[in-house]
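Presented below are the structures under discussion, each in the form of C-alpha cells.
Common to both upcoming complexes is chain A, partnered first by chain B, then by chain C.
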Partner chain A sequence: MKRNRPKSKYIGISAALLAAFLIPAFVKSPYWLHVFITIWIYIIVTSSLRFTITMGEWSFAHVPLMGMGAYTSALFVKSLGLSFWSALPLAVLTTAAISILIYLPCLSTTGTFFFFSSFAFGEVMRLCWVKFQNPFGGPMGLFDIPYPDSLQLPILPAIKFGPLSKTPFYYMTLLFMLISLLLLYMLERSRLGRIADAIRESNLLSQFVGIRVNGYKMVILVIGTAFAALGGSLYAHYFTLIQPDDFYWGLGVYIIIYLVVGGTQRFEGPIAGVLLFVLLRELLRPIVMYVPLVYGFILAATLAFLP
Partner chain B sequence: MTFAQFIQMFANGTMLGFQLSLFATGLTLVYGIMHIINFAHGELYMLGAFAVYLFFQVFGINFVVSLLLAMAVVSFLSIVIERVFFKPMRGYHIPSFIMSTGLIFVLQVMAMSLFGVKDKAVDSVFTGVLKVAGVTLSKERLMIIPISFVVIAAFYVFLLRSRSGRAMRAVMQDPDAAALQGVNIDTTCSLAMGIGGAMAAAAGGLLAPIFVVNPYLGPPLTWEGFVVVCLGGRTSLPGTLLAAFIMGYIKSFVSTLVDPIVASMCAAALLGIILIFRPQGLLGHEA
Partner chain C sequence: MDDQKKRPSGKPGILKAVSPQPLLEIRNLTKRFGGLFALNDVNFDLHRGEILGIIGPNGAGKTTLYNVITGRYRPTSGNVLFKGRDITGYPPHKIVQMGISRSFQLEVLFTHLTVLQHLVLSQHLHTEVGFLGSFFRTAGNRAREKATEARALELINFVGLDAYMDKAAGDLSHGYQRSLGIAVALGTDPELFLLDEPLSALSPQRVSEILDLIRTIRDRGITVAVIEHNMGALFRICDRVVVLSVGAKIAEGLPGEVKENEEVIKAYLGGDVHA
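Moving on to the complex of A and B:
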C-alpha cells in the first residue's frame, strides 16, 4: 500500500469538519443533536486521557477530575454568581491546581501502582462530593445549574443558550472540541510530545539523557486534566444537573473503553472510539438492556485480535 | 461508646473481615499466579449469591448443600472465563483490567436477564439472637464466622499440604522456575481461578440471607477487595487475611462511630498512602 496520506488526510478532515458543521442544518431532531453534543464532550475527555497516557501511565483519576471541573464550574456560577464565560477558565485552572495536589503523591509510583493510587485519590474526591452537603450538594448532586449566559458577538445576533435551543450548544461544544483537538495535536507534535514518547519507551533512559521524568509527567497530566475539566464544565452547563455518581467509575471505564477500542497509538483513535460506541448505543436503543453485552464482546474482540 | 456497642462493632468487623478474606483471597491468587487484575471478581460474588438464591430459595435445597452447589457452579464458570478471556492476558495489567471490566458488563447482563433487576431476598437460615452479658448479637451474622473459617482453613490446608497447592505457591514465586520443575502452568492457573471463584461464591452465598441480592452487588465489593489486596501486599496470602481484617474493623468501627462515607474515604486514603509509602504492602516482599 502506497502512502500518500497527506492529501487524502486533508480531504478526509475537511469532509468530516464540513459534515460536523452541517449536521444541525439537516438534523432537526433535538434528540440527535443531544447525542452529538455528548459525543463532542466525550471526545474532549477521551482525547485528553489519550494525551496523558502517551507518557505511559494510566490515570484513573481523569474522570473524577473531569467531575471536579464540572463541580467547580457549577459552583463558580451558582454560588459566586460569575458568568459562565469567566467560570469556565477559572474552573479549568482550579481543577488543574487540584490535579497537581492529587498527582504529586501518585507520581512517586509507576505502572499498576500509579493506576491504583490515582484510583484511590479519585475515589476520595468523589466521596468528598457525597459527604459534604454544603458546597457539593451531597449524593443528590447539584441541580439547576444555569445555562451559559447569552453571548454577544460583534456581527451576529445575540446567541442564547437554553433548554429548547440545542443548536448554539452544538456549535459551542463543537468549537471547544476542535480547539482542544488542535491544541492537543500541536502539543503532541511539539517537544513535549516527543519527551512523552521517550518517557514511555524508557523511563530510565530518559533520565540518562537529562529529562526530568517526574516533572514532565506532571506537566502532561496537568495539561490533560485541564482539557478534562473543560469537558466537565461543558457537561455541567449542558446537563444542568451533576451528581457524584456521574463521574464514578462507570464513566471512567467507558472512557477507557472508548480509548482502547479506538486505539491508543493514533491521534484519531479516541475520536473513532467515541463515535463508534455512542452511535452504536443509539442504534441499539431498542435492546438497551443488552448494550453492555455488545460492548463487552467488542472489547474482548478488540483486545484479542487488535492488540 | 458502651462495652456492648464495642462488642457488637467488633463482631461486625470480624464478620466483614471474614467476608473480605474469602473474597480477596481469590483476587490475590489470580493476581499472584497470572498477574491479572480481575475486576470481574465481584461479579463472581454476585453470581454466587444468585446461585444460593436459586438453589436455596427457589428449589428449597438445604442451605449448606446449596452453598456447596453455588461454589461448584461459579468455580466452573470462572475456569471457563479463565480459559476463554484471561489466558491471552496473563502478565498484562492494564489490558487485563480492561478485559475484566468488559466481563463485568457481560456477567451483569447475564444475571439481569436470568433473574431480573429487582432485589431478591433470601430467607434467614439461622434465626434469633444471642445474648451474652447484655450484648445482643444476631446468630445469622455470627454463623458467617465459623463457616468462612472452615472454608479458609480448608483452602490453607490444600495450599500447604497438597501437591497442587505447592505448585500454586511455586508459580506465585517464580513461574519460569516452576515450569522448569514440571509444574503445568495452565492447569495451575485454571485451578487458581476456580478456587478464587468458589471462595467469592462462598462469600456471596453466605451474605445473601443478610443483604439483598441484585445484579449490581459486584463492583463496590471488587473495589474493597482491591484495597485489601494492595494493602496486604498483592501476592501475599497471609497479608491478604491481615488486610481483610484491618479493613473489616475500619469499616465497622468508622461506619458506626462516624458514618459509612467517611469509612470508605478512610479505606481509599489508606490505599493511596500505602501505595505511596510502602508499595509492597504490609506483608509483601517484592519491590
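Moving on to the complex of A and C:
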C-alpha cells in the first residue's frame, strides 16, 4: 500500500539484477551455474505458491502440479514432437486446466481440510506417474527429454541449449523468473490482489460484500498453477530426466519452508527464502545428511522468534 | 396481566395497505436442524421505507431468519421473495447483488485491513475497475479508482470514522467496529438492510447515535430490519415489530400493540417488557 517507494529500494533491485546478469561472467564453474539455475526455477515455484496463499488457503498440490507441468511439457516434445517453445505454453495451459479439475472438489473445503485434500490430489497425480508406464514412464520416469531447440534471435548468433554450456540455460531461467516475478507483482497489486486480501481476512464478510469467494479462489489457484507449470517445464528440459519422486511431498514441504522462513507477508520473502536455503545447502555439502535437521531448526526458530 | 386485551397473533399490521408490493415477503419459512425447528412456518412482509423490529427471546430463531434470507442457510421449506422474485437458496454474493445487505451480531471484519480498504472493498459490486486495467494501471482506471475512493470517504464520513480512516479494523474500539460494519454493508448499496443486534454492548450515548444513524439510513430510502434485545431503544425507531419465539412468529404489529400482547409477555416469561 506504500505509495512512495524509497529510492534505496530501486537501487537495491537494480544492483540485484546487475549481479544476477553478471554471475556467468565471473562464475565459470558449471556446478555453481547449475545451483543458480535451480534457484531461479525454485523462485518461480515458491513465489507463485506465495501468490496463491494470499487468499488464505495453502495448497499442497502446488509441487505435484509443477510436476504435471514438467511431465506434460516433456511428453509434448517427446511424444508429439513439438518444439520446446510451443510445448512450454501448451504445458502451462494443460496444467492450468488440470488444476481446475483438482481444485474444484478441494474448494468445497477450507483451512486444514483444503490443505489435506489438495495433498491427496497431489499424491493421486504422483501415483498416476508411478503406475502408468505409458505415457509417464512409471517409477523410472521420463528420460532423454530433448533440450530446448536453439533459438535464433535477430542480430545475436543462434543460442544453442545443450550439455556443453550452462550459460544459455542460466539466462533463459533467469529471464523466465524475472518475467514471472513481474507478472506476479502486477497481479498482486491489481484488483485481484485486493480481493485476495479480503478473502484471506474474512471469507464470510467477502461473501457479504458480493465477492464470489470460490470463483476468485479458483482464479488465483489456476494462475498460481500456471507459474508452477512454467517452473516444471523449465525443470524437465534442463534436467532432461524427470521421475515421480522429483515432485514428491517432501519437496512440497521444502518449498513451504522456503516460503515461511523467507516470509509470506512480503513479495521478496520467497526469493530470500530460496536463496538462503539453497545456498545453505551448498555450504552444508560435507554434512549433507543433516541438512533436513538444520532446515527444521531454522524453521522452528523462525516460527518461535520472528513475528 | 389477565386484564390485558387479547389480540389475535399474526394479524397483519395496518401498514400493509400502504404499498401494494412488499419489498420482502417471507412465506411459510421453515428451517430445521435435525429435530429442532429453528424457524417454524414463519410468514411476514417487509414494506418499502419502513423500519421493522424483530424481537424474541434468545434462541427464537432471529439470526437464523437472517441467515436463511441472506443465503447462508438453505431453508427446509418455504420461500423468500424479494421485489416479488423468489430468491430462496441464492448464495450470499447473489443476494447482496440483488440489493440485500446485512450486518453481523459479532463484528465480522477484515481484521488487518484499514477502514478505507474496507469501504473500497465494500463497493466490489459497483466498482468498474477492470482487471486488465488495474493490472496495467491505465489512466481511465485510475479515475475510476478515485471515484471509488471518494465514495468510500463519503461512507466513512457518514458513520463518523474520519479520524480512523487508516487504522486497521482490529485496532478500533468495539463501538467503532460496529459503525464500520454498518458502513461496509451500506457500501454494497442495498435496498434492504438487515441489522443484527446493532445496539448490543454499547454505551447509552452510542446507542442513541446508532439509532439516529439507522433513522438516517431509512430516510435515504433504504428499508431496514433490526434484530434487537434492547426493546426500549428499538421501539423508539421502528414502525412495526415482528415477534419470534421458539422459531415461530407469535405476534406482529405496531410497537404499542406488541408491547401489550399477552403471548409476547408470556414468551418473555412474564417478565416486564421494559419500554
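What we mean here is this: the second predicted complex is superposed on the first by the 301 of 307 C-alpha atoms of A that agree within 3 Å, B and C clash if a C-alpha of one lies under 4 Å from a C-alpha of the other, contacts with A are read in each partner's own complex, and residues count from 1 in each chain.
In this text, a residue touches a chain if its C-beta (ideal position, glycine included) is under 8 Å from a C-beta of that chain, and two chains touch if they have at least 3 such contacts.
If you're wondering where the values come from, they're calculated on a predicted model, not measured in any experiment.
For the combined arrangement obtained by superposing on chain A, do chain B and chain C clash, or do they fit?
fit
Just to be sure I read the superposition right, which of the two partners does A:R212 touch: chain B = first, chain C = second, or both, or neither?
In the superposed model, A:R212 contacts chain C only, not chain B.
To the nearest 10 degrees, what angle do the lines from the C-alpha centre of chain A to those of chain B and chain C enclose?
In the superposed arrangement it comes to 80 degrees.
Contact-wise, after the overlay, does A:Y31 reach chain B, chain C, both or neither (first, second, both, neither)?
In the superposed model, A:Y31 contacts neither chain B nor chain C.
Which partner reaches more residues of chain A, chain B or chain C?
After superposition, B is the partner touching more of chain A.
Least CA distance chain B-chain C after superposition, rounded to whole Å?
So the smallest C-alpha gap separating chain B from chain C comes to 13 Å.
Considering only the defined contacts, which chain B positions touch chain A in the complex?
Interface residues on chain B, with respect to chain A: 37, 85, 88-89, 93-95, 97-99, 101-106, 108-110, 112-113, 219, 223, 226-227, 230, 259, 261-262, 264-265, 268-269, 271-272, 275-276, 279.
For the complex, which residues does chain A have touching chain C?
By the definition above, chain A touches chain C via 1, 186-187, 190-192, 194-195, 197-198, 201-202, 204-213.
How about chain A: which of its residues touch chain B in the complex?
Chain A reaches chain B through residues 58, 105-106, 108-109, 111-113, 115-117, 120-121, 123-124, 127-128, 130-131, 249, 253, 256-257, 260, 289-290, 292-293, 295-297, 299-300, 303-304, 307.
Within their complex, state which residues of chain C touch chain A.
70, 91-93, 96-97, 101-102, 104, 108-113, 117, 120-122, 124-125, 127, 129, 131, 134-136, 184-185, 187-188
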